[in-house]
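Take a look at the structures below.
In the two complexes below, chain A is the common chain; its partner is chain B in one and chain C in the other.
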Partner chain A sequence: MAALTPYTFIQCPCSDSSTLGRPSDANPAANATNDDDEEADEDNRTFDPRAPRSNFSLYPLEYLLYCEDCHQIRCPRCVSEEIASYYCPSCLFEVPSSNLKSEGNRCTRNCFQCPICIGPLAVTSVETKPDPSLLAAPDNAAAPHSGPYALTCSYCHWTSTEAGLKFDRPNNIHAQLTKLRNGGLTRLTARERRERRKDPAYRAHLAAAAAVAVAAASEDVDDVEERGRGPGIEEKESLDVETQFANLKSFYQAQLANPNSSDTGLTGLGDLGFSSPTSLSRIMSIYTGGSLRDKKAKSRVGAMREALDADEGFQPARLDESAAIAALQAHGFDGTSSTAQLAEQPVNIGEPAFPHGQAHFASDLRPVPHLLRTKRSKRCPVCRHIISKPEAKVQTTRFRIRLVAGSYIPSIAIRPLALSPIPNTSSSFSSTSAPIPTSTSASASGPAIPGALLEPLRPAHFVLTFKNPIFESVKITLGAPAHTPGRFSSKVTVLCPEFQIDANTDVWDEALKEGLATTGGGAASGERDPRERRRRRGGTEDGSQSGINPTTQLEVGKIWERGRNWVSIVVEVVPPSLSTLPSGGGDSGLPLQEDEDVLEIPLFVRVEWEAEMGGDEVGSVMPGVGGSKEKGEGREKRELAYWCVLGLGRIRR
Partner chain B sequence: MSKRHSLHPGSSSNTAAPPKPPVHLSSSLTIADSTLLAGTHTISLHGETVIHPRARIESHLGRVSVGRKCIVHERAVLGAAPVSSSSAAAAVVRRGGGGDGASGGDGAPAGVTLADYVTVEVAAVIEAGETVVGEGTVVGVGSRVGAGAVIGKHCTLTPHSEIAAGEVVPDSTVVYANGMRRTDKRGVAELKNKTMARQIDMLRRMIPSNPAKFA
Partner chain C sequence: MSSRRAPRGEYIETDTGNKVARKATLVGTQNIMLGGKTVIQPEVMIRGDLIRTAQAPSQAAAGAAPNNTAVSIGRYCFLSRGCCLRPPGRPYKGAFTFMPLRIGDHVFVGASTVVQAATIGSHVHIGSKVVVGEFAIIKDYVRILDGTIVPPHMVIPSFSIVAGQPARLIGEVPEGGIDAFELRDLYKTVGNNPHPAPV
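Here is the complex of A and B:
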C-alpha cells in the first residue's frame, strides 16, 4: 500500500449547488454565521469529501485563482477562458487567428510528428541519409544533399517513403504534402481536375499514374481496386472527398436553380442564410408541422434528380474489400493503424482508397502536422475582470496578471505529531471511548513518520500550520464535524478552532525586530522548521528549557505554536476500525472500497480580516459581494469561507 | 558498485587481484584503460572495435565474443548475470547449447556474441547465456537484453527497451515505446555501416587505447 502524503484540497464555492449560477452572492460566508456550531446547525449539511460530486470541486491550493474584485476563490471550473494566441508547440511560431480560419489548426511550417510514435520528424535526403547515432562526422557535412527528400523519425525509424511520400524540395514540406497523395500521386484541385478531363492525353496519363501508384504503394490495395473498377474512364475516375463534395454541391445548386423546378421564394441551398425571411419561414414550417409549407416546394423537390456520374459527384460505393482482407492477412493486426494513430491523423482528403480519411493500415499513415496550442487568459465570470493573463509572446512563460489564490488565502500544511514520551498505550486506548481533548489525551501516540499508517481506535495528532499570505492580520475560524461523514466515521477534535494570524509583514523588518527580541515568534527565515523555531524561542524566552515541555502539552483553545505569519494548531483524530465484518450495521458488510481507508476530514475555514478600502473598489458598493462589509473609515471588514478537505493518512486495515 | 569504485575499476581489481580472463584481442582494437574485463572464459574482441572507458565485459558464464567494428559505450555490460536464472537456463536448454559464436571457442558455452557493426550504448546490459546480437543492431541506452535472446540484423532497441530472456527478434525490428515492435523499412543498412565506420575512425583518435593492460 502506497504511503499517503498528507494533502489539503479546497472546495471552490462555485460548486455549491445552492448558489449555482450566481457565484457573486454565492459566498458561503454569508450563509455561515458567526459560530461554526450554529453554522453546522443552520446548514445541517457537512461537506462530504467522499460524495461523488466532491471529486469535481476539490482542488489543491495551487490550482485556484482569486478574483480581487469579487473577493472570491475561482477554480478552473468557474473562470471563463479566452484564447490569447495560437502557436505551434514545436516551432513556437504564433499563428494569427486569421490564418487559422483559412489554414486550419495545424502548423504549416514543416513541423511534423511521426504517425507511429509521435516523435518529431526530420527532413532527410533519401539518398544520403545521415544516421541519427552519428555524432557530427566531418564527412557528413560535405555529403551532397540532393532530392528527393523524405520525413524520417529518428526514434522509431519510420519514414514517409513507407507511405510513398517523397518531396522534391527540403523546404515547404507542408505545401508539398498537401498536394501529395500516398504513393506519390499528385492531388489535384477541382479546377485542375476539370481542366485535365478535357485533355485528350488524360486517358493515357491516368493509366500511367495508376501504374505508378501500384508500383509505389507497397500495399496492393490500389492494384485490386484498379482492376476491380470497370474499363470505362468515367467509372474509373475516383474523386477525393473535396472534389466529390464540390461536384455534388454544384450539381445540387444547378438542380435548385433549374427553371422548371424553380421556386420564386427559394434560392439555391448554398445561399441559404438564416437571416433571410424565406429561410425563417422554411424553418418555421419544419417546426410547425407544415402549415406554412407551400405545395410548390413539394413539387419542386420531386422534380430533382440525383447525381449520375463523377462529374456530378456520384461515386459508387466500393464494396470490394478483398484488397483490405488480403493486406490484413499479409500484415496481421500489427499492420493496422490503431485508434490513437487514426485520431492523430489529420483528415486525409486525398486518398481514394479511404475517402473519409480513415487509413486502415499503418502503411497508409501520413505525417502529422503539429496541432496548434493556445495561450489563454482567464476572466472572472461575474465581474469580467481578468484574473490570469499570459504574456502574448509565445516564447515567454511569464504572466502579466495572475492572481493565484495562494497569495490571498492561508495555506494549510499538515504534519503528524509524535507526542513524546508515550507512557502506555493502554491508557490512550481507554481514552478513545470519549476522546476528551484535554491534556490527558496527550499521552496518545501519533505516527511520527509522515505517511505511516494510522492505528485504528487510537488517537492521532496532527499539526496544522496556517500561513497567512496577506499583509493584514487575519482571524481564522475553523469548523469540523465531530464525526467525519462516511461509512467509517472518525472522531475529529480541533483543539483550537479560533485564532489570529499576524500579517505577512516584511521579512527584514521582522528579522530586525527579532534581533531586539521584542516579538516571540519572529524569525528572519520565514518558517523553516517549526520545531527548531520553538526550541529557539523557548531558549530566548525562558533562558532554559526548564519550563513545561511543549511537546507533551496539548491544551484546548491554545494554539500549538505561532510565528511571524503562521500559526500551528493541533487536531486530534480517532480513526475507526476498518473491520468490514457485519457487526449489525446495515452496509458494513460491504468490502472496503478504494481509498476508503484514507482518513479525510472536512474542515470549514472562515477567514476574516480588515482591509484598506481601495478607491477603485466598485464591487464593494454592491451589496453581497465578498461577504459582509462594514465600512469604517477607510477600512472594511472582509471574510472568506470555504470548505477544505484534509487528507491525513491511511488507517491500518 | 559505488561511483568511486567504478571510476577506478582497474585499481580495485588489481588490489583484489582476481585472475585476468583469457583474452583474444585484435591488434586494431581500441580499448580504453578503464574498461573492466572479468571472468574465467575467453573474451575475444575483434578488429576495429571500440570499447569505451568503464564498459564492463564479464565472461563468468561463458565466452564473450565481440565482432568487427562494434562500439561498446560507457557503463555497458556484456555478459551480465541473468536476472532470472531459470529462464536463462531454459533458453540454454532450448537452444541446445551449440556454440554458434565467432572464433576463439574454448569449448565453453557462449555467453554473449555480438556480430559486426553492433553498437551497445551507454548503460545497456546484455545478459550472458548464448545471447546473440545480429549485425548492425543498435542496443539503446539503458536497454536490457535477456539471457539467450537472439536479436536479428539491423535491429534498433530504443532506449530502455527490454528484450525478454530467450526471445528471438527478427531482422530490422525496431523495438520502441515499451516493447512495441515495427519493421525498419528504410533500407539504410549499408549507409549505417559507412557512418559507423566513420564514427569508429573518429573514436579511435579520441580514446587512448591500452590493450596491453588486458593481455
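Here is the complex of A and C:
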C-alpha cells in the first residue's frame, strides 16, 4: 500500500449555497465561539469528508483563489474563466482567435503527435532513416536528402510510412497531410472533385474499377444490388466527412428552397415538407392535437426527396467488413487501435474509410496535430472581479493579477509527533538530510515516520503548524467533531483549539530583533528558540500516555511551539479498529471500501483579524459587521471561516 | 550525523555559494558553469567533457574564442543524489557534435534522474527516476512527476504538470502553486553546517 503523506484540503464555500457571497455568516461564527469541540455536533452541520459531495469541494490550498472584494475563498470549480490567448504547446506560437474559427483548435504548423504513443513527431527523410533523432533537425546538412519525408516518433519509432503517408517537402506538413489519404492517395478538395468528375478518362477508369470489383466481390449481396441499381460512378466515390457534410447541406438547402420538388427519389421522410408554412402548421397541429386539416394539407405539400448521389452527399453504408475481419485475423487484437488512441485522433482527419476518426487498426491511425492550449484569466463568480490574470503573451510567466488563497488564509502543515525518549533530535526538522531512523524513535504514541501506518486504538499525536501569511496578527479558533463521521469513527482531541498567531512581519524586522535577542548565542539561531522554550516547559502529565519523557508531555490548552508567524498545536487521535465493526450500524457487514482506512479529520477553522479599512468597501461592510470596529483608526474586524479536512494517515488493518 | 560526515566536510562551498559534494563526479569542470547557490549532491554526474565540436559558422568566421560551455546551470539549482546531466548530441554539418545544456534558476533535479535536455527554464521541478530525452525543451514553472520519460525533442510549455511514459500533460500548475518552486529554503538545509528547514 502506498504510504500516505499527510494532506490538508480546504472546502470552498461555493458548495454550500447558504454561505455563497456572504463571508460573515452568523451561523458558523456563533458555533465557533463555543470553546468546546462539540459545537459542530450540536449544530448538526458536521462536515463529512467522505460524503460523495465533498469530493467536489475540497481543494489543496494552492488551488484556491481569494476574492478581495467578497473576502471569500474561490475554487477552480466556481470561478469563471476567460481565455486570454491560445497557443500551440509544441511550437509555442500564439494563435489569433480569428484563425481559430477558420482552422480549428489544432496547430497548423509542423507540430504533430504520434498516434500510437503521443510522443512528438519529427520530420525525417525516408531515404536514409537510420536514427530519427539524428536527422530530426531541419538544418541538418550532413546528408543533403531530398526525396520524400515522413514523420517519425523518436519514442516508439512509429513513422508515418506505416500509414502510407509520405511528404514531398519537409515544411508545411499540415497542409500536405490534409491532402493526403492513408496509403499515399491524394485527397481532393471539393472543387477538384467536381472537375475530376467531368473528366472522361476518370469516368472510364471508375467504370473499369467497378466492373473489376463486381467480378471479384460477388459474395457481397448488398454491394452488388446497390451497384446494379445505381449509376455506378458517383456511388463508388467516397467522401470525407467535411465534403459529405458540405454536399448534404447544399442539397438540403436546395430542397428547402424548392418546396414542391416532385423528384421523389427516396421517400425517407414521406410527405413531410419542411419548407412551406402549411407543413409547419400541420406539424404543429400534430403536436397540439388538432388533426383536421391533415389530409387537405397532405395533398398540397410536395414531397422532399433524399440525397441520391455523392454530389448530394449520399454515401452508401460500408457493410463489407471482410477486409477488416481478415486484417483482424492477421494482426490480432494488438493490431487494433485503443480507445485512448482513437480519442486522440481528430474527428475531421480526412480519411473517408473511417469518417469519424474511428480507425479500427493501429496502422490506420494518422498523425495528430497538437491541440492548442490556453492562458486563462479567472473571475469571481459573485462580484465578477478578476482574481487571476496572466500576461497574454505566451512566453511570459508573470501574472498581472494573482490573488491566491495562500496569501490570505493560514496554511496548515501536518507532522507526526513522536513522543519518544529522544524527541529533540533534529531528525524531524531536517527534512532532506537523512531518513529518520525507525528503531530509535519507535514510541508508544504513534508514528514518527511520516507515512507510517497508524496503530488502531492507540493514541497518536500530530503537530499542526498554522502559518499566518498576512501582515496582521490573527486569532484562530478550531472546531473538530469529537468523533469523525463515517463507519469507523476516530476520537479526535484538539489540544489547543484557540490561539493567536503573530503577524507576518517584515523579515528585516525579525532579523534585527533576533540579533538583539541572541547576542551570545553564536550558532543558535531563531529557529532553535522555540524548541528550547518547549524543553523548558514543565507541568503535569497528560494521563493518557505512559512512559513519556516528562520534558515533552502534552498540555491541554497550551501551544506546542510558536514562531515568528506560526504556531504549532497538537491533535490527539485514537484510530478505530478496522476489523471489529461498529455495532448497531446497518451497513456494518460491508467490506472495507477504498480509502476507508485513511484517517481524515474534518476541522472547522475560524480566522479573525483586524484589517485596514478598504476605501471602496466601507459602505458595504459597515452594516454587515457593525459595531466591531473602531471608526477613528479606520480598522475593522474581519473573519473568515471554512471547513478543511486533515488527512493524517492510514490505519493498520 | 557528524560522525558520518567526512572530516573536511561533505561539501565544497565556493565563494558564490555553490555547494558541491566531494563525492560528485564532475567531468570537464572547465566547461561547466554554475550560477551560484547551487547544490550538487553526492554521486551526481555532470558531463562537461561533451562539448560542442562543430562551431557555428558565424563564430568560426569571426574567429571568436570558441564557446566551450557544455552545461550551464543558474542559481539555486538542486541536483539530487545520483542524477546525471548530459549535453545532447546530434550530427551537424557532417560531424556528430554535442550541444550545450542550459538550466535556469531554481531547478530541482530528483535522484537518479538523467537530463539530456537542450534547455530547462527556471522554476522547474523534475522528480526522481525521470529521463529527459535529448533536445527536450522545458519552459518555466513545469513539474515533472517521478518516473516520467520525456521523449526527445518534446517541448513542455510553462505551467505544465507532466507524467507518464512517454510524458503527457496531466494538469496545470495552479496559481497558488508557483511559490512552491522556490529552492532558497532547500538550499539552506544542505551543506557542511545545514540549517533546519523553516516551518
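Here is the rule we go by: the second predicted complex is superposed on the first by the 442 of 653 C-alpha atoms of A that agree within 3 Å, B and C clash if a C-alpha of one lies under 4 Å from a C-alpha of the other, contacts with A are read in each partner's own complex, and residues count from 1 in each chain.
Keep in mind that, in the parts below, a contact is a pair of C-beta atoms (placed from the backbone, for glycine too) under 8 Å apart; a residue touches a chain by one contact, two chains touch by 3 or more.
Note that the structure is predicted; figures quoted are calculated from it, not measured.
A.B. asks: Have a look at where A:S85 lands relative to chain B and chain C in the superposition and call it first, second, both or neither.
C.D. replies: neither
A.B. asks: Would you check which partner chain A:D334 touches, where first means chain B only, second means chain C only, and both and neither mean what they say?
C.D. replies: In the superposed model, A:D334 contacts chain B only, not chain C.
A.B. asks: Between chain B and chain C, whom does A:R373 touch in the aligned arrangement: first, second, both, or neither?
C.D. replies: A:R373: touches chain C, not chain B.
A.B. asks: Please work out whether A:W566 is in contact with chain B alone, chain C alone, both, or neither, and reply first, second, both or neither.
C.D. replies: Only chain C is touched by A:W566; chain B is not.
A.B. asks: Check the residue A:S54 against both partner chains and state whether it touches chain B (first), chain C (second), both, or neither.
C.D. replies: After superposing on A, A:S54 lies clear of both chain B and chain C.
A.B. asks: Of the two partner chains, chain B (first) and chain C (second), which one does A:C117 touch, if any: first, second, both, or neither?
C.D. replies: After superposing on A, A:C117 lies in contact with both chain B and chain C.
A.B. asks: If you tally the residues of chain A touched by each partner, is the higher count for chain B or for chain C?
C.D. replies: Larger number of chain A residues touched: C.
A.B. asks: Between chain B (first) and chain C (second), which does A:Q255 come into contact with in this model arrangement: first, second, both, or neither?
C.D. replies: Touch status of A:Q255: no partner.
A.B. asks: After the superposition on A, what does A:Y155 contact: first (chain B), second (chain C), both or neither?
C.D. replies: In the superposed model, A:Y155 contacts both chain B and chain C.
A.B. asks: Both chain B and chain C touch chain A; at which residues?
C.D. replies: The overlap between the chain B and chain C interfaces on chain A comprises residues 117, 133-135, 137, 139-140, 155-156.
A.B. asks: Along chain B, where are the residues that touch chain A in the complex?
C.D. replies: Per the stated touch rule, the residues are 119, 138, 156, 158, 174, 176-177, 180-182, 184-186, 188, 191-192, 195-196, 198-199, 202.
A.B. asks: Given the complex with chain A, which residues does chain C contribute to the contact?
C.D. replies: Touch residues, chain C against chain A: 1, 90-95, 123, 133-135, 139-141, 149, 151-160, 166, 168-169, 174-177, 179-180, 186, 189-190, 193-199.
A.B. asks: Show me the residue ranges of chain A that touch chain B in the complex, using the header's touch definition.
C.D. replies: On the chain A side, the touching residues are 116-117, 128-131, 133-135, 137, 139-140, 152, 155-159, 161-162, 334, 362.
A.B. asks: Could you please specify the touching residues of chain A with respect to chain C in the complex?
C.D. replies: The contact residues of chain A facing chain C are 61-65, 76, 87, 89-92, 117-120, 122, 133-137, 139-142, 153-156, 373, 378, 388, 394-395, 397, 399, 402, 404-406, 413, 426, 429-434, 465, 467, 523, 525, 527, 561, 563, 566, 568.
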